[in-house]
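Lettered A, B, C and D in written order, each chain numbered from 1.
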Amino acid sequence: MDFPGLAAQLLNGVQHGLLLFLISSGLTLIFGVMGVINLAHGSLFMLGAYLAFVVTGMGAPLWLALPAAMLGGALLGAVLERGLFRRFYTRDHLDQVLLTFALILLFEEARSLLLGNDFHSVPVPALLDFSIPVTEGFAYSAYRFAVLAVCILVAGLMFLGLERTRLGSAVRAAAEKPEMVQLLGLDARRIHLVVFALGTALAMLAGALAAPLLSVYPNMGDGFLIISFVVVVVGGVGSVAGAFWGALLIGLVDTLGKAYLPEVAGLSIYVLMAGVLLWRPAGLFARGA
Amino acid sequence: MTRNSFTPGVPRRALALPLAGIAAGALASPAIAQGAPLRLGLMLPFSGTFASLGENIAQAVELHLNERGGRMGGRPVQVIRLDDESNPANAVANVNRLLGRDRVEAVIGTVHSGVVMALVQASRERGVPLIIPNAGNAAATRELCAPTIFRTSFTNWQPAYGMGLALGRQGVKRAAWITWDYAAGNEAGEGFRDGLRASGGEVVRELKLPFPETNFQPLLAQIPGLNVEAVGSFFAGGGAVQFVREYAAAGLRDRVPLCGSGFLTEGTLAAQGAAAEGIRTALHYGDGLDTPKNRAFRSGFRERTNRDADVYAVQGYDAAQLLGIGLDATRGDPTAEQPLARAMRAARIDSPRGAFTLSPSHNPVQTIYLREARGGLNQVIGVAAEALADPGTGCRMA
Amino acid sequence: MNALEAEGLTRRFGGLTAVADVSLSLALGELHAVIGPNGAGKSTLVNLLAGELRPSAGRIRLGAEDITAWPVFRRARAGIGRSFQRTNLLREATVFENARLAAQAAVFAPRRWLRAAARDAEPIERAGLALDRVGLAARAALPAGSLSHGEMRLLEIAMALATRPAVLLLDEPLAGLGPEEGERVAALLRGLARDHAVLLVEHDMDVVFAVADVLTVMVDGRVLERGPPSAIRASAAVRDAYLGHAA
Amino acid sequence: MIVAGRRGHLLMALAAVAIACLPLVASNYHLQLASTALVAAIFALSLQLLVGAGGMVSLGHAAFFGIGAYAVHLLPPGLSVLLTLPAAAGLAGAAALLVGAMALRTRGFFFLMTTLAFGQMLFFVFHDTPLGGGKDGVFVTRPALELLGFVIDVPRRDRPAMLLWLNLGLLVAVYALLAALMGTLFGHALRGIRANEDRMRALGYDTGRIKLVAFVLAGALAGIAGHAQAMADAFVNPEMLAWHHGAEALLMILLGGLGALHGPILGAFAFVGLGEASTLITERQRLVEGLVILAVVLALPRGLAGLGR
């Protein structure tokens, strides 16, 4: 194993993991606070990516797409929460699963109607359209470094917000022990709205960020949905810190597996998940486990 | 051969149930009365990722039909389209629809190599003539070949073989191969290796990632350490766009030239932009083929659709030509299996790509061109392999 | 011989010690009540004995067997029946079905899994007896969710009884009952103690002092005092720590 | 979960007789369609054992269906169906044992995520490794239809009728098995777990073991459905294992009504019928499917079975 190659692979793994964190943190918060699994979370990622495609397609720079994805995501999340999810918190699991499954189908269909089914590439912003050599003979695109930076920034802001603000600590309390909300006399409806909007915004931001790296294509969210589930199971439900470390771990295992053990790479993260379930069924980073 | 039997190869007492009178004869042989329209099924993707391919194939089929006055073997042809969405999960159901509900007598289809398997099976079991206008999975004209199955496109092996051959002739001794880990990618990899070996080179490493992932970084990061003179690849569509761009962004383009099966740059050059400039690929068609047949075909297609023809349209056009030859020989009877197959097998197709014949396993024996991406076109710059046939390994016609 | 015996039971939650070094024994024919202010660790103690929680230290014996590491269901099968502080029923099933499920648990060995439930007379009979004993026989066909609060508490006890336990752990069976219903349950408790070893956690002091043979007073997770009702009533320490501000 | 009473069973027997008589009137195409619905019904019934009876919403159930189908590919060709069918059920059941042993360490939505992930893992095994024969799927040789030493050989044009009867027989058998199971002590315990697992444990039920047995049985029955599909198509492909396929079975359960054992059968026929009808109107299958689900979860939470009440 050559060392410079390993350095590049580690960089890949961290970058992949941080992107996973943006997606799975929303998933784990929504699940922790409301007890709902949103199967359409991957489709929101897909919507974010297509939003970046549309924005850049109109000639606007990509960095405009990022706030647009955040705002659009927050709005969409709020609408979904108010219009649909709110009625389903107390319903049977089966109903919730099928509701969000239906959303996947409808989001995909809307995407197909409005934007077609083609694979589209999204240009890297001109400012970042150059490569930085990281090892002898291998360069890393500046945009990938920018994605790394944005992910770290967002993760930092999230931790600050959760630790330092009143609303943040209420959300944290709600995610760890949903019954705390009532005990503390918090406004559950408001917390639900905020959490759902935030989770949706993060998923769409991740999509917009990833669009130049992955291109946009139908059903692109499906793979990310499942890998996010693995992150949440490994990290522990309801814990943002768990999602962070879980995402980094999965990103690294997945990337290094593909590079060095390609025959079994597809299975590596599932084997990891099985191991975690046997060893610590509540997740590696769950509190009180 | 075991088709048409519910119990293949079990040498016990057979008990034939007298069901014939009970089951309604849904598939009774069609009336071939002269003049009754021939129901031709076009099972193609008209929605989904490959919709534009399906549409071009269908348009080209109809273009040729028009040239023939809408008749084959003396019978008017009624075209029945069925959208398979390139969704293998629904493939069997869609084939049943086309053959059972719509009762088509011959099929041209399809693009997706998974969906085509259901058509291949139906053709083997029910004897319906099938012409494959795109899907390049080798099996259809190797171990699963059948007298009623023909192909007017390629096997994945063919273009990649041409590319490998051309690369070795340029003096490349060591090359890597990078692809999605699925049948098409692996069959192309086999062709690339065979071609390169035939001209004195060697594939030293195969890099693969699961289909259809686009996280190429873990693979690209390994290339500098391999000490190769060229990288061959098989990607198509959006994956090809992303791959070519990342290859350039990783700083590899100027150090290790990228080449591949023609689909790497087919229909994707606009999206790939400067990153694709200079990439060499091999395919059975290309831009700048200046033959009368090609000129006529392209202008006819443009007139009909307002679009430029592409390799898919050529394949569709030739599928219609081939079926026409077969039906002319049987005076419009698609159930005359033997004469139909004989006539099609012996045909010489005057294709826009250059004339071709069919191999014993019913796959084109064709010229593979070497092309270079220049200014948004896949300019033909030479011939990679002349009259190349797929090995047809494992094909035993019943 | 003591039916259930706990020795040095301790349970910590992070920095908090909910139960500290509690020893306790239950004997057949004896009703042992545990009292103490809110947060004294009574429910934690019940959960430790039933197996819902694992002790941080200490041992539990059922008869001659050490059951400290046994899971809930194994203890239940071995003869520990319990009722819950918060009513915990199969609300959509009928009263009878609730009791029958409890009775079936006792005969539910893998080789009998495929027995047709309708033909298994013994659990049906035992479910009927249990309902009779708590006085719910007339309500047998109603959905459990439609019972009054008091009746649900009685059903809780009936279910515990139907499993044919030697030991009964009853966590606040009178919680939320009116005086009349409370009297009914108190009478039932006295009867139960004749053929079971009963641990009773209860807030209603009048009932506790009326029915208990032995009382354990817990404060802050520790045993403060233990003895017959008369001795507890007379204890100055108990009065200071507990009865004082309860009164 | 309700098992239909005597009148319900009579109605279902009449329906079964009606389906058995279909070959007298329907075209082969419609016989194939009915067969599809029968196989879907077996699959949905097997999932109902988990969802309706045990309260375990699994999103990975299609994996066991797919393994049952792929068993036909993995076994040497030409074997009797009397061998391949139990083998398919056994393989699927064994896979369910492995997945269940892990996934059942979790509950509720956690369980759902874990089954989805493990199901997807099995999907990848058949999609990306040589074991499955590639993402495009593979042809299989149909197992020999052999009963009591006789090989039943039917001409191709009568095969749809034969398969229809075969699948009908399987469905009737699976339904009867589950109906009987619901009346056993095991069935009662399973229903108790769905209603209140904690309580059941406190009563002395080893709920983990009961759920695992149900999970394995459901997996084996899904394997039987998969085998039937492979038998009908003579073709297997990895999409059979995809989680969308499992979600469709959940939809059938919801369509038919969660509360009754016969619900999934109604649901499967409704699903296949709706799918077929919608192809006549629009190419956009996903739109139709999505809207149907929305309509059902918003307006008909008790499914079609709830309409009559």
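A few comments on the model shown:
Criterion: a residue touches a chain if its C-beta (ideal position, glycine included) is under 8 Å from a C-beta of that chain, and two chains touch if they have at least 3 such contacts.
All figures in this text were calculated on a predicted structure; none of them were measured in a lab.
The remaining chains, considered with chain C omitted and nothing else moved, are all joined by touching into one piece. Under the touch definition stated at the top, chain B and chain C share these contacting partners: D. With centres taken as mean CA coordinates, the chain nearest to the overall protein centre is D. When you average the Cα atoms of each chain and compare centres, the chain farthest from chain B turns out to be C. The interface carrying the most C-beta pairs in contact is the one between chains B-D. If you average the CA atoms of chain B and of chain D, the two centres end up 35 Å from each other.
Taking each chain's centre as the mean of its C-alpha atoms, chain C lies 43 Å from chain D.
Measuring from the averaged C-alpha position of chain A to that of chain C gives a distance of 47 Å. Chain A and chain D, compared by their mean Cα positions, are separated by 33 Å. Within chain A, residues 112, 266 each touch two or more of the remaining chains. Not a single residue position of chain C touches two or more of the other chains.
Along chain D, residues 124, 128, 284 each make contact with two or more other chains. Interchain contacts give a graph that is no line, ring or star and is not complete, per the touch definition above. Chain pairs that touch, as defined above: A-B, A-D, B-D, C-D.
Residues 2, 4-5, 8-9, 12, 16, 112, 116-121, 124, 131, 133, 135-141, 214-215, 217-218, 223, 255-256, 258-259, 262, 265-266 of chain A touch chain B in their complex. Residue ranges of chain D in contact with chain A, taken from their complex: 51, 57, 59, 102-103, 105-106, 108-110, 112-114, 116-118, 120-121, 124-125, 128-129, 243, 247, 250-251, 253-254, 258, 284, 286-287, 289-291, 293-294, 296-297, 301. Chain B contributes residues 2, 4-10, 12-17, 19-20, 22-27, 46-47, 83, 85, 87-89, 91-93, 96-97, 100-101, 113-114, 117-118, 120-121, 125-126, 137, 144, 181-183, 210-211 to its touches with chain D in the complex. Residues 180-181, 183-189, 191-192, 195-196, 198-207, 213 of chain D are the ones touching chain C in the complex.
Residues of chain A touching chain D in their complex: 31, 35-37, 88, 91-95, 97-99, 101-106, 108-109, 112, 226, 229-230, 232-233, 237, 266-267, 270, 273-274, 277-278, 281.
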